[in-house]
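Two complexes are shown next, each including chain A; its partner changes from chain B in the first to chain C in the second.
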Partner chain A sequence: MRAKQLLLTVLVLLVCSSLMFAGTVSGRVTYTGTPVKAKPIDMSKEPSCAKQHATPVTTETVVTGPNNGLENVVVYISSGAPDDSQVPSQAVTFEQKGCQYIPHVLVMHTNQELKIVNDDQTSHNIHPLAKVNREWNKSQPPGTPPIVDKYEKPEFISVKCNVHPWMHGEFAVLTTNHYDVSKGGGDFKLPNLPPGKYTITAWHEDYGTQTADVTITGNETKEQNFTFKAKAY
Partner chain B sequence: MAKLFAITLVVIAIVSAIPILRHTWAAPEDISTHGALIDEQMSETMAEAGISFLAAQFILAFFVWKFSNPGPDAKIKRFPGGAKGLVIAALLVVGIEVMALGIFGVKAWANVYLTPPSADALPIQVQAGQFAFYFRYPGPDGKFGGLHPELINEGTQNIFGLDPEHDVAARDDIVTAELAIPVNKEVHLLMHSKDVGHSFFVRELRVQQDFVPGLDVSLHFTATKVGKYEIVCTQLCGLGHYNMKAYLEVMSQPDFDNWLKQQAGQ
Partner chain C sequence: MRLISAILFIAMLEFAVAAGLTPLACGQDVPDVGPKPPLAVKAMESHIGDLTGHSADAKNNYRRYCVGCHGEYGDSNGENAIWLDPKPRDFSIATFKCRSTPTGTLPTDEDLFKSIGRGFTNSNMPIWNTLGRQERADLVAYIKIFSPRWSNEKAGEPIKIPPEPPVTIESIAHGKALFTKLECWKCHGPHGEGDGPSAATLTDSKDNPIRPYNFALGRDDSRFKCGSTNQDIYKIFMTGVDGTPMPSFADVIQPNDAWDLVHFLRTLQVHRHSKENEVLSAAHGVIPPYVDKTPAPTAAPADNKTPGGGQ
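For the complex of A and B:
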């Protein structure tokens, strides 16, 4: 009885300690140089969308924030994460609204359910340009139910609309749940990391990929910044 | 029964001619300098075809009325000259009609396609792609930058595949989704397709031109009235063909200059 209690206590302590010791990697993604000026998008051929924007929307390939922050960079653990095989049960949603894709970059786990919703008064035909996964495109008239699908292999997939040439988005299909997308001043945060050695990857759709190695020993917050070189054209 | 059929024929022929004669569905106002000849050609064709149509229906009705229910002794009448005569007569009548229309129409065609654009026509490039029209103006340097299809990226709005990094002439090119032109000034369109067949049609301009993939098509015209007109694709090009359109804005010269400056600034 005593031995059993002792064993149980030791086990609980071990589990608790690994839970208690969960570190965070956080930082900023910034750029150097002068990025291309964001160009306005003329939606006059689709009046139902054009009228939803008081001022024309701009291209989202390079979105910058205050203090040289770079947004829409996917920052994720590319190796070392312990619970990578867990597929979240809830779906992620990709919205077509005002003839734009929201969010511009959508991250999901392999085999996680992806729901594509059309909130516009016009038909869209979403065409994710997958090269590793299966490439498909589907028409979606207004008022029809969401398209539900999933991707089995990790890949960064460019997404376009076959009807509206200016619509552009990205799918980031990862094998980890430890990810963030940089926002605002380029800030990102990766919490809940048990002690260990990690490789962190930062991916931008135009500026490429960078990696960094980080070691977590307890519940500290490690700072890791990424700087990308902006392209003038 | 046969007489009823004959009457029905005449009634249908007259009823279908009435909206044409009354110009119930008239074409919208012509805003081009070359359109008058085209409209004339259309009217002549309609008149010739219309008269032939009515004549044919009335003659048919007459024969049905007169020669239906023949008695047992009635002889079968034959067309004078037999089958040969019939074929020759048909060739002559239809042939002359079609030739006449063709000869009268040559002038309208030549006016649009066989006269070169004037030297100071405003050049504008048009790219038709599934499912939108985009337009390019040469900018202050007056030169179009080169086209590099492998660089086309609609997500970053590089519609034409320009290479401003290495191609200086491309840096000031102005790309728009709307075709704005100054009124009373000749415009020279340089048209190509990005992918499949499309067609550029503006009713009021009396301009309709197919884009054939691989061909660079040249078209020139002058618009005579300020306003906003629809450009629609009239060659089935895929699932978004129904939605493929752009707008033509005919403006005064000062308005056009302002518009172009504004587009360049973006």
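For the complex of A and C:
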């Protein structure tokens, strides 16, 4: 009986402490070396898209910011995440606009609803090159309803439109809701982390992955930076 | 006495572990060297009509006829593969071109059976109807040993194909409007000759260059990759050709509209005798404009002449 009571107390304390002490991991993703320059995209073959851009858009495989910041890096809790199985009820949206994918990197939880929208005046085909999940390829002419789908297994999936070969994006299907995509010159933030030991993974579509172990003990903000070596071309 | 023997036993055990097992247990840096072990032939079955295929029975035929291109592990790395374009199918990812099932699903056994018997036009995959029906059924079962998908997933539900309406010039005209509106011409070209503005940039899912189908080539022997009947053409664009740039239009074309598109596509086979080309000839080779609520994109070809034009 006393043991049960003790257990209950500990449980209550644990729950309370996790609510009270929410830690944060934040930091910057940077690169060393010389990254490949973003190239301007020639959309002249698709005039309806070309005219949407006053200045030519550039490739997004490597997007850099000031002070060697690296953007579009998915930073997420790869182990120790407190809510592995919780699938958000809200859908994530992948937009085709001006013959570009917005966002370039879309993160979603496994089994989370994925909505694909075509805002353009041209047909796109959405071709996510899944290997672990099933690979499909669907046409989406202008004015047709969103394509709704979900992915069951975690995977990083390249997405392309075969009609417009410059269109390229990434799906990051994760089993955690604690993630961020580095922006504004490489900054990321993972808030609301209960005390515990975590492995944090940073993934970049061209530079691969890096991991770091972080321990959160209470209401604190830990700094964790990642540095990728730029691939030479 | 007992204690001593126990200690001795433990010491011996430790010695054995240290001598023999430790390098294995923590041998993360030591890869398993030597030739790749042969793939175990998992017992898989196929069911085609009254036929039941067994993977074990196809072992010799696969080794004799298929391994050269598709490879021992079914991963399309056979010794001839580097010379082939398009590349042999990779059975280890279980993505198949010719299906009666929706995009992203496994084909039916019958689909694979037909593919083996039909061969793939414009590729190095020959017609294997030299092999008996039972042998082909066994090979269908054998294909399944290469991917765990066949154990974890069911084949997709075959798409429903409504009865074909009669071929009329109106049907062809509507098909032409769809060909324009759905931008089939971006890859297949305005006359279906495989020379659309995106044609030169196309790659398959393994980044190998791939050509869109040229409808105008060939005469009465003109074949499609996934069969030559009107139903087969219907299936191609409603299921997509998985692993290639050809998407599925199942969500965006109504079943009867799809038949109109089939009728128009037949007229792109300019040198092939067909009901569709007869109807078109009777209309003096002119496809009348189709009146639609939504205007067609201006960049599309707007001529009302016979599509194609031949060489």
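In this section, the second predicted complex is superposed on the first by the 219 of 233 C-alpha atoms of A that agree within 3 Å, B and C clash if a C-alpha of one lies under 4 Å from a C-alpha of the other, contacts with A are read in each partner's own complex, and residues count from 1 in each chain.
FYI, a contact is a pair of C-beta atoms (placed from the backbone, for glycine too) under 8 Å apart; a residue touches a chain by one contact, two chains touch by 3 or more.
Please read all numbers here as calculations on a predicted model, not as lab measurements.
Asks: What does the overlay on chain A give for chain B and chain C, a clash or a fit?
Replies: Overlaying the two complexes on chain A (C-alpha atoms) leaves chain C and chain B clashing.
Asks: Mind working out whether A:197 is in touch with chain B, chain C, both or neither, as first, second, both or neither?
Replies: Touch status of A:197: no partner.
Asks: Is A:163 in contact with chain B, with chain C, with both, or with neither (first, second, both, neither)?
Replies: A:163 contacts both chain B and chain C.
Asks: So in the superposed three-chain picture, is A:144 touching just chain B, just chain C, both, or none of them (first/second/both/neither)?
Replies: second
Asks: Contact-wise, after the overlay, does A:41 reach chain B, chain C, both or neither (first, second, both, neither)?
Replies: first
Asks: Classify the contacts of A:121 with the two partner chains as first (chain B alone), second (chain C alone), both, or neither.
Replies: Second partner only, chain C.
Asks: Would you check which partner chain A:229 touches, where first means chain B only, second means chain C only, and both and neither mean what they say?
Replies: neither
Asks: One more residue to check, A:97. First (chain B), second (chain C), both or neither?
Replies: A:97: touches no partner chain.
Asks: With both complexes superposed on chain A, which partner does A:134 reach: first (chain B), second (chain C), both or neither?
Replies: Second partner only, chain C.
Asks: Output check: A:61 vs chain B and chain C. Expected answer is one of first, second, both, neither. What do you get?
Replies: In the superposition, A:61 touches chain B alone.
Asks: Using the superposition on A, tell me which residues of chain A are in contact with chain B and, in the other complex, with chain C.
Replies: Overlap of chain B and chain C footprints on chain A: residues 45, 122-123, 125, 139, 162-165.
Asks: Over in the complex, which chain A residues touch chain C? Could you list them?
Replies: These residues of chain A touch chain C: 45, 47-48, 121-123, 125-127, 129, 131, 134-141, 143-145, 147, 162-165.
Asks: Applying the document's contact rule, which stretches of chain C touch chain A when the two form their complex?
Replies: 93, 95, 102-105, 181-183, 186-187, 197-198, 201-203, 205, 240, 242-252, 294, 297, 299
Asks: For chain A, which residues are in contact with chain B within the complex?
Replies: For this pair, the touching residues of chain A are 36, 39-46, 59-61, 122-123, 125, 139, 158, 160, 162-166, 168, 206, 232-233.
Asks: Within the complex, which stretch of chain B touches chain A?
Replies: 129-133, 154-157, 159, 163-165, 176-178, 238-240, 243-247, 266
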